[in-house]
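Residue numbering begins at 1 within each chain, and the chains themselves are lettered A, B, C and D in the order written.
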Amino acid sequence: MTAPPAAPTDRPRLGVGMVGYAFMGVAHAQAWRNAPRFFDLPLAVDMAVVAGRNEAAVRAAAATQGWRDVETDWKALVGRDDVDLVDVCTPGDTHAEIAIAALEAGKHVLCEKPLANSVAEAEAMAAAAALAPGVAMVGFTYRRVPAIQLARSLVADGRLGTVRHVRAQYLQDWIADPAAPLSWRLDKQKAGSGALGDIGAHIVDLAQFITGEQVTGVSAVLETFVRERPVADSSSGLSASSSSGRTGPVTVDDAAIFLGRMSGGGLATFEATRFAYGRKNAIRLEINGSAGSLAFDFEDMNVLHYFDAAEPAATAGFRRIVVTEPEHPFVGAWWPAGHGLGYEHAFTHQVVDLVGGIATGAAPTPTFADGLQVQRVLDAVERSAGADSVWTPTKEM
Amino acid sequence: MTAPPAAPTDRPRLGVGMVGYAFMGVAHAQAWRNAPRFFDLPLAVDMAVVAGRNEAAVRAAAATQGWRDVETDWKALVGRDDVDLVDVCTPGDTHAEIAIAALEAGKHVLCEKPLANSVAEAEAMAAAAALAPGVAMVGFTYRRVPAIQLARSLVADGRLGTVRHVRAQYLQDWIADPAAPLSWRLDKQKAGSGALGDIGAHIVDLAQFITGEQVTGVSAVLETFVRERPVADSSSGLSASSSSGRTGPVTVDDAAIFLGRMSGGGLATFEATRFAYGRKNAIRLEINGSAGSLAFDFEDMNVLHYFDAAEPAATAGFRRIVVTEPEHPFVGAWWPAGHGLGYEHAFTHQVVDLVGGIATGAAPTPTFADGLQVQRVLDAVERSAGADSVWTPTKEM
Amino acid sequence: MTAPPAAPTDRPRLGVGMVGYAFMGVAHAQAWRNAPRFFDLPLAVDMAVVAGRNEAAVRAAAATQGWRDVETDWKALVGRDDVDLVDVCTPGDTHAEIAIAALEAGKHVLCEKPLANSVAEAEAMAAAAALAPGVAMVGFTYRRVPAIQLARSLVADGRLGTVRHVRAQYLQDWIADPAAPLSWRLDKQKAGSGALGDIGAHIVDLAQFITGEQVTGVSAVLETFVRERPVADSSSGLSASSSSGRTGPVTVDDAAIFLGRMSGGGLATFEATRFAYGRKNAIRLEINGSAGSLAFDFEDMNVLHYFDAAEPAATAGFRRIVVTEPEHPFVGAWWPAGHGLGYEHAFTHQVVDLVGGIATGAAPTPTFADGLQVQRVLDAVERSAGADSVWTPTKEM
Amino acid sequence: MTAPPAAPTDRPRLGVGMVGYAFMGVAHAQAWRNAPRFFDLPLAVDMAVVAGRNEAAVRAAAATQGWRDVETDWKALVGRDDVDLVDVCTPGDTHAEIAIAALEAGKHVLCEKPLANSVAEAEAMAAAAALAPGVAMVGFTYRRVPAIQLARSLVADGRLGTVRHVRAQYLQDWIADPAAPLSWRLDKQKAGSGALGDIGAHIVDLAQFITGEQVTGVSAVLETFVRERPVADSSSGLSASSSSGRTGPVTVDDAAIFLGRMSGGGLATFEATRFAYGRKNAIRLEINGSAGSLAFDFEDMNVLHYFDAAEPAATAGFRRIVVTEPEHPFVGAWWPAGHGLGYEHAFTHQVVDLVGGIATGAAPTPTFADGLQVQRVLDAVERSAGADSVWTPTKEM
């Protein structure tokens, strides 16, 4: 028997063009490949083209990641007829230009977070999105970890009552060693900020997403513990095995800590750092409400802890919910209960909701307006951290 | 720019034909798709064909999973010239026939576990593998969870010393509810055994793999707690939402518990059950040696706990190793530290080692001989459980 | 103001005489001192006298522990008029003689576990208790850890349904090092058995207590990993800092593993070992029933984990109950919620229930009959472990 | 044999007088009773007298707690010749007057925390202590939890390197329910502040103690979520079962969150709340340094987690140190390894160090100067929280 298997040719095609192919590009490509394998998408994803400046490198990436074609100029990618959606996986300083061009060309856009490196850029992007026919989504991917989705739904269902406290931490240690080299992520021009924009943005978004509230004010401190680092021979990646002997300045924050006031009246604490030795990617969220509490740690990403204050005291306790049941968001499409998912799966779920939104016309969240709101919080953090008035000394002079 | 990206055509092709496409088939297909995306394989994987008896269903599976072609008779698949490797994902009662035919046809074979439903079948398979030119591997996939690989390497490096204790549990709860319907997994003809062969086989293999020893004797009990169950309208899957009103007998064990003696003199306890409410896929291993200890729980699969008895008492303690570093087995090919993997990744790692073994001629483990050894242990468990002599009453008559 | 505070002289006096003053004696004395400070006892405890063979040592112990008087012959203690209750804290080989004498003298008896070193002795003790006017209680102290009490009450209230599985482990590592010296606990004459009687007895008792069932049959293995050990200059304690250079034989088991059948039809696994490096006093109990599950680990003794199978799947999970609420057994007498208790508090709770039982005439459990039942299980373990028929080899000859 | 046991009459007597006998008094009395039973104190503790205004109540407390005599006026207690040390267990508004009077009378003083309700009072107390011959210690008891002592010693030994981050939380939930009644702890006149002084003081002290540094500046928010509460018939305790129907104002903070700058350049976050449902007494400390990290949670008080950044990446991980070994601070005096301690034991350790300091003349920490430093931090928190300049809005107007 040699007839080819039936292809899902009955559904409309969605041509995808991705700009950038490094860490985020790898994760996005995996999502574009996986989504149609595990979910019944309303559109037929066509991984049309990937763009990068180095032709040899982008060709290799295309082969590895499964893109049909390559471009060495993102503008060419945006201009292609076979591209319906532009997936922006470049450093933050290029997000605004690419995303706005794509929106103006009538494309849908998925843009990696943070939306931009400044509020002004983010405002321009949100304005472009408001005018454009296409869907515009920002890649706060962790929203689509199933345990986070469950957390959101518990809050939305009133299971927590009024939110009193949010404590949010994003702890890493990949540059705790002063010998770790410079990379674009430590360069303010490219990255906009350091821990704040890279990982702090995620916990601001998650805190707002889960509570359904906004951070209305902050009091903040930024710190750069190691101000000079070795220059790696190649500064394009997250790691470098050899050093040039030269050093260069770190121009972004190593850590950001801030207090926040939630729009519902609750208090929040935020901490984003790359200097927490032993914590690799610990996104921790704990929310206390007037009716219950939630706790999450990405180091145990398939689990959500939930405390129901209505339980009798003798048997009350945080429930360790293993979020791998068919009843849980997205999970039923994958494996049986207890067969946990990994980091990459949230990217697939993001594609599922994005494609669904494009098909139905319902804008999938987080929108560019949501991304702008996060950007405003990050901006307020930077302004607060720059103000002398933040600190009250423990000893009056 | 429209030239297609460079394809990895420089490496020899490996045509893969898979028999069966349900749960295990889905996981294997994902592995065949992913392995070349994340690892530099020496052979170019061609997902040639998938076989299943129901043509419509197998065509749908082929489209979803990415197989080029379909067959409705596994023998046709085995006979195809474009198939170099046969991947057996069917229930256990068909393993021997398919795998032996494939080996005799000169194919490589990857066979799901347990190797067979009886020692006799497993012996025939191991004998066929010994004579055949192809590589024969049995799919004890959990061996290639990175934390398990790390556990093995710590023991192999002598970090545990002489093994004193193995305690191994595989706890699930998917049929703890008496209303859960019959499926082929509860039918002795198809499945060979129940919890014993389905999940007990895994912990026997893992205990032997990590310690590098064999279980030389057992004392065992098997139990079926719920002996009649509803017959589902469709008995082909793990779950059924509707029932026919009829009931049928459960002919396999719900739970298996056994003591074991390791070849190095240590003691082992094993427990495999589908009746541990609240435990979804809890594969727990704890090993105590004369120089240290290890502990693992698949519910937290990216973590290995290690105790080094040589540490000073004041600072000794089980180290919670987050097994997501570039230094850890397989992990560097995926994501940065702390960005954990999921259940499916071990299948990809299995493919990586299998393809590597085929390319180099080095037989990848677990071989069919390893699978036979596990089968012997399962057989001893069944014989022990059938013997009256196992029990000593607490009150002499 | 100099008048003395009001003494609780209105309640009847209970004169206590304790035989033995080492580890267990220290714990019992702390309980006798603490119980009246935190609980409203119906009798006024008088710590009358402690007995030990070495006069200087027993005098020092009396001063430290708060006993009014000393004896160097336990028979003199039993004969004293000011002793209403004899608290037996000696090694197991002396339990029967002392306890029976005390019962025959009309005293109440609290006897450390295991009740005796043999079933015959335990039978004699239970028979004596049945005839005697006094209360006879055996010191399975861990029953009165609040989390264990809560576990029992949940099972008794039907929250677990029919018990399917018990898995019980008692893991220590204090003689995992072959250089650890001999002590009376490694001498069969004194201790009766090793890990089996010392710690295995506890988990047998706890499994029976929590489930309300009995172990009716076992299949067992005992092992002594290190058969010769250094002789310490003083062999009276748990540890010895200097060695004589000589070695002597270990005549008890280092580890005991066994399967058990519960009287309600459930399966049990037991493991008691002193060779689990990194586990200090890990009493672990996990019980799966037809309606829920429980889990406990003494390394986190103020916590009980409870899974309720009736919860909706989306929010079901093991509840981590911090057992420090006023609603929990015994806890309200101590500190506010979250201010955890320690090892010693269970001894105080044991005294509370013992004194309450004496005052009301209701025999407090565990009775000597309960202790005898545990002894029968331990005896069956030893008989099973001595039988050739336990093992089924994995390879037929 | 009827001779009384030898009393430790060879050591000098230390007469103790305690003012206040509620929650803290109960804990202190237990410590005074226990310390001589488990530790070899250089002085013979005489629990001479307890003072309280209600004679019947204080007599009952004296009988229960083991005090020889009572006073209804604390001044009489301070004036007694048989009192060498005054133990102040009253609400914070009375600390200064009592402690200063006792110091001026030549007594040693142990004063519960916070040292005072204002910086001015604390300064006066520290000044009095500096002039007085007696020892003056403030009861930041959690310092003497063995795991905290171990944490301090690891930092002092350089195992953490330069401190980068402190994150400190003290989470309770006992007034999260708006129906919880008013008590003196919710009255600013009596308590000085709410969560800030009651529990925030502890984490400020612990952060400074473990790091050996001081908090030099803060940015803070205080919040009172529930501003009116029922008036209980008796407002003297932590709980009340009946309500008068009336309500009254809460005049203290329910929660305090603040950022801190450590004197060594590190960043700190602090959170103290009584509104974290499900957290009963969760004192959490995590410290990241340039050479390693520590983590502690009082809900698992016998454990300290330690990450050593010098370990090879493949086997690095937070060590779960069960702090119950003879090598650990204070632990050897109690029970064998793994037999954990409880909340109250830290009070005993406090007495041990206090009595040792009195005997040797070496001032035991925390001194009144240490208490003053904590008070300065709390004061800065209140000043910061009262300043408009703390908040930066997320949206510029």
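Please note the rule applied: a residue touches a chain if its C-beta (ideal position, glycine included) is under 8 Å from a C-beta of that chain, and two chains touch if they have at least 3 such contacts.
What you are looking at is a predicted structure, and each value in this text was computed from that prediction instead of being measured.
Using the mean of the Cα atoms as each chain's centre, the chain most removed from subunit C is A.
Centre to centre, using the average C-alpha position, subunit B and subunit D are separated by 53 Å. In terms of their C-alpha centroids, the spacing between subunit B and subunit C amounts to 41 Å.
Listed for subunit D are residues 279, 316-318, 322, 325-326, each touching two or more other chains. Taken as a contact graph, with one node per protein chain and an edge wherever two chains touch, the assembly is complete, since every chain touches every other chain.
Taken together, the subunit C residues at the contact with subunit A in this complex read 150, 154, 305-306, 311-322, 325-328. Against subunit A, the residues of subunit B that register as touching in their complex are 1-8, 23, 27, 29-30, 33-34, 36-37, 59-60, 62-72, 76, 172, 174, 238-239, 279-282, 298-303, 322, 324-326, 334-345.
Contact residues on subunit D toward subunit A in their complex (touch as defined above): 164-165, 167, 169, 171, 173, 176-178, 214-221, 223, 225, 255, 257-259, 261, 265, 267, 269, 271, 273, 275-279, 286, 288-293, 307, 309, 316-318, 373, 376-377, 379-381, 383-384, 387, 389-395.
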